[in-house]
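Shared between the two complexes below is subunit A, which has subunit B as its partner in the first and subunit C in the second.
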Partner chain A sequence: MNDNSSITVLRLAGELDIGRREEIHGVFQLAPDARRVLVDLSEVTYADSTTLSELLRLRADAQAQDARIAIVIGSKRFARVIEYAGLGSAFAIFDDRGAALTYLAPGLQS
Partner chain B sequence: MSGTRTRSPVSSPILRPLLVTIVGLIAVVLVILAGGLYQRSLLRDAFARSEASAAAQRLVSDVLEDQLDMETGIKGYAATHDKLYLSPYNDARARIGVDIDKLESAVASIDPSQLGYVRDLRATNREWSRKIAEPVMNGDFQRLRTASTHLSGEALVDRIRDDVAMTGQKMESHDRVSATETRSAIDRALSAVLFGVALVVVLGMLYAIQQARLARSAARAKADLALEREHAKEIEVLYTAEKRIATTLQDAIAQRPLPILPMLRFSATYVPASEEGNVGGDWYDAIELPNNRVLFAVGDVAGHGLGAAVAMSRARQALVTSAILDTDPATVLKRVNQELLRQRAPMVTAVTGYADAATFEFVFAVAGHPPPLLIEPGQAPRLLSCGGLPLGVMDTPEYRTYRVQTLPGSMLVLYTDGAVEHTHDVLEGERILLAAALAVRDGSGREPSTAIHSAIFAGRSAGDDVAILTVGFDLEPVTGLRVTVESAQSSIAGNLGRGRPPGTDRSESQTLHERTLS
Partner chain C sequence: MTVGSELRLNRDAEATGVTPMRHALSAFLDAIAVDQDTRDDILIAVGEAVANAVEHAYCGSSPGMVQLYARVDDARTLAVEVVDRGEYISRERRDGRGFGMRIVRSVARAVAIETDGGTRIHMLFDIASAADTP
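The block that comes next holds the complex of A and B.
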């Protein structure tokens, strides 16, 4: 996983609140060494600080490892949460997976 | 119950060895006593045998004396023909039968295998009487003089002598055996006593060692118990402290007095999560700082419970400290972020700033927090567009200071996400909040924060903490307080001027300013 030849996709759906803390934490621990990560939250409608802090931790780790992250957000409600949580400026955020993959693809070794 | 439990494990290990020791001592005493009795009976037997053999040896001498008396009497009578010389013979003859009987029974009781000598003795004596004594008594005085008779008589007497000697020897040897037995019996008895004494000493030592060990373990158990009690007390103290902290924090939020100032109006509402005892991480602050500044802040620590409450308390402290050091809200948030990173605190979102009563401006910065809502007279309430990363997560987040020009009678509404996320649809939550704000603008007479909370939740309980703080400018300045107000105004304006960082902040706040005015 810790190479430049693949994109790791982490996918979560539904309402992400503190009740799903373990599950959310588990998903974000799946690819600790990935260099290109696509976080697909296109089917997420709500997320509280549990998910936001996981995203921010992922970003901090990615910066340390020179990894690239793209987030796909489908729901406008969730986009609003991301916006006022200040994450819009910290992440590359896309409406669909195609755009996110295009962002992650350059330099990908086949 | 606890008393029984503590006593039983202590008492039984003391009682049991004591009982074992006592029983052991009694057993030893009994064994020694029994051994002594046995040895005593052995000794008695040995003494009895010794006495019997001594008696047998005396009887042997008696029989020999009888035989010699008889021989002497017969020889005397044969030589003198005087019956007077027969008296030893007659006396001995009367005794010898009885004496031989006695010897026989004595030898039979000591060593029946030696009875042959006694029988031979009796037979030889009879033969001597028949061949020598009776013919002489019958007047055959010459008989003793014939060589053959004489020889046979001598031989018979010699034979009797041999028998007697053998019997005596045997009896004497028996006596020696008895003596040896007696000595060994005494030795055994002595050994038994020595063994008993040694056993008592060893048992005593074992008992003493055990007692010492018991005393040690009892002391240890006592120490353990004391330690346990201490731990229990510590835990209790900690628990009480936690409870007190939680309660104190909740009280601090619920009852924090708001500053009463000319030109500025504050109101605040805090409703904890509906789950009982779930102290949340939401907070609001409106604090007068030195140099006539009034800091406002609303924040939220990720998570619930005491951990969140403690983190919240620290974040508030850090915010107030930073606000004393810096007048620029963005710089304040940077300082708070560094402090929270240092404390490894959980993620915190916050909005903080000042109300500038001199210019009717709100000056603020946001860190991952829902945007402030502005209510202005005669205008639709609106959410201010702003942004910034949460606190305590990133090393070097960028924060911006926003300045919003408002009119007299305007009000800034700060809130935590519980006020807009209760339906999990933030857009819907914001619509509801804006509607509640509109109702407040048109006036209800109630405290604005309470009115907004009631309008949103309409008596329903919220799943999350909700904190709402409003900061408003008075519509009409109070004439009597003008001097004070003006001095406060200039002070705040001056501080803000000094604290404002160069660069983009100014142009950003200018944009907002223009937009507010347009």
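The block that comes next holds the complex of A and C.
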């Protein structure tokens, strides 16, 4: 986890499947005071429903503490997994980090 | 692509084995010249079927095997089976998990599940060779 101004950044890369479930679960944890969260998955080349389940849990945790989440996805294949699962409207998804940061904190760019 | 081309994999049903099985299927799909988008979709669906087998098939018992069998049935159809010998657990969505079979059904042309003595997931995929893609 990294702090970027007041934005918490959670980052994973590579291929995410059940073999990395514990790692994914560990990365998708929120500090109690996190209010703006950038989930940077721009370098993820493959993700399955293991990641989707963890993203849903992260979303629930964020809602419980009134935090806003933006997800950056770079892989067309990963974006399709989200659509196939019927979760296209469940998350704020961006293919551009700048747009995600604007969504989280208008006027603040890194 | 060559009708009758096939891939057979038999691996321990362990989480760390899912990625290598997917990579082996990817290499097979490349070898039979499936176009990239179709290949990616097949990898997504079959990856979910294999992951489900690994996650659920041998709960509460010692790990067994998971088998993957892929065959070019005709010039437009790839048949894939994922087989385990563990206890069948409904793979449909539950409690915020279990999106795997929804994804499989979104991608495959047809899906059938047999649960006699384990679980056998049959999937048929429409395939087109890269040469057929405009």
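In this section, the second predicted complex is superposed on the first by the 96 of 110 C-alpha atoms of A that agree within 3 Å, B and C clash if a C-alpha of one lies under 4 Å from a C-alpha of the other, contacts with A are read in each partner's own complex, and residues count from 1 in each chain.
One rule holds for everything that comes next: a contact is a pair of C-beta atoms (placed from the backbone, for glycine too) under 8 Å apart; a residue touches a chain by one contact, two chains touch by 3 or more.
Remember, predicted model here, so these are calculated numbers, not experimental data.
**Student:** Does the subunit A-based superposition show subunit B and subunit C clashing or fitting?
**Tutor:** Overlaying the two structures gives a clash between subunit B and subunit C.
**Student:** In the superposed arrangement, which partner chain does A:T45 touch: subunit B (first), subunit C (second), both, or neither?
**Tutor:** Touch status of A:T45: first partner only.
**Student:** Of the two partner chains, subunit B (first) and subunit C (second), which one does A:V81 touch, if any: first, second, both, or neither?
**Tutor:** Both partners, subunit B and subunit C.
**Student:** Going by the contact rule set out at the top, does A:S6 touch subunit B (first), subunit C (second), both, or neither?
**Tutor:** Once the two structures are laid over each other on A, A:S6 reaches no partner at all.
**Student:** Taking the superposition as given, does A:A90 touch the first partner, subunit B, the second, subunit C, both, or neither?
**Tutor:** In the superposition, A:A90 touches subunit B alone.
**Student:** Who does A:G19 touch here: subunit B (first), subunit C (second), both, or neither?
**Tutor:** Once the two structures are laid over each other on A, A:G19 reaches subunit C alone.
**Student:** Of the listed stretches 457-465, 475-483 or 493-501, mark the one in subunit B with C-alpha atoms clashing against subunit C.
**Tutor:** In the superposition, subunit C collides with subunit B along 457-465.
**Student:** Do any residues of subunit A touch both subunit B and subunit C, and if so, which are they?
**Tutor:** 15, 17-18, 46, 48-50, 52-53, 56-57, 60, 76-77, 80-81, 83-87
**Student:** Would you pull the subunit C residues touching subunit A in the complex into a rising list?
**Tutor:** The contact residues of subunit C facing subunit A are 15-19, 22, 40-41, 43-44, 47-48, 51, 54-55, 96-100, 102-103, 106-107.
**Student:** What does subunit B use to touch subunit A in their complex?
**Tutor:** 300, 302-304, 346-347, 349, 366-371, 387-390, 393-395, 397-398, 417, 421, 424-428, 430
**Student:** Along subunit A, where are the residues that touch subunit B in the complex?
**Tutor:** Those residues of subunit A that touch subunit B are 15, 17-18, 45-46, 48-50, 52-53, 56-57, 59-60, 76-78, 80-81, 83-90.
**Student:** In the complex of these two chains, what residues of subunit A are touching subunit C?
**Tutor:** So the residues of subunit A touching subunit C come out as 15, 17-19, 21, 46, 48-50, 52-53, 56-57, 60, 76-77, 80-81, 83-87.
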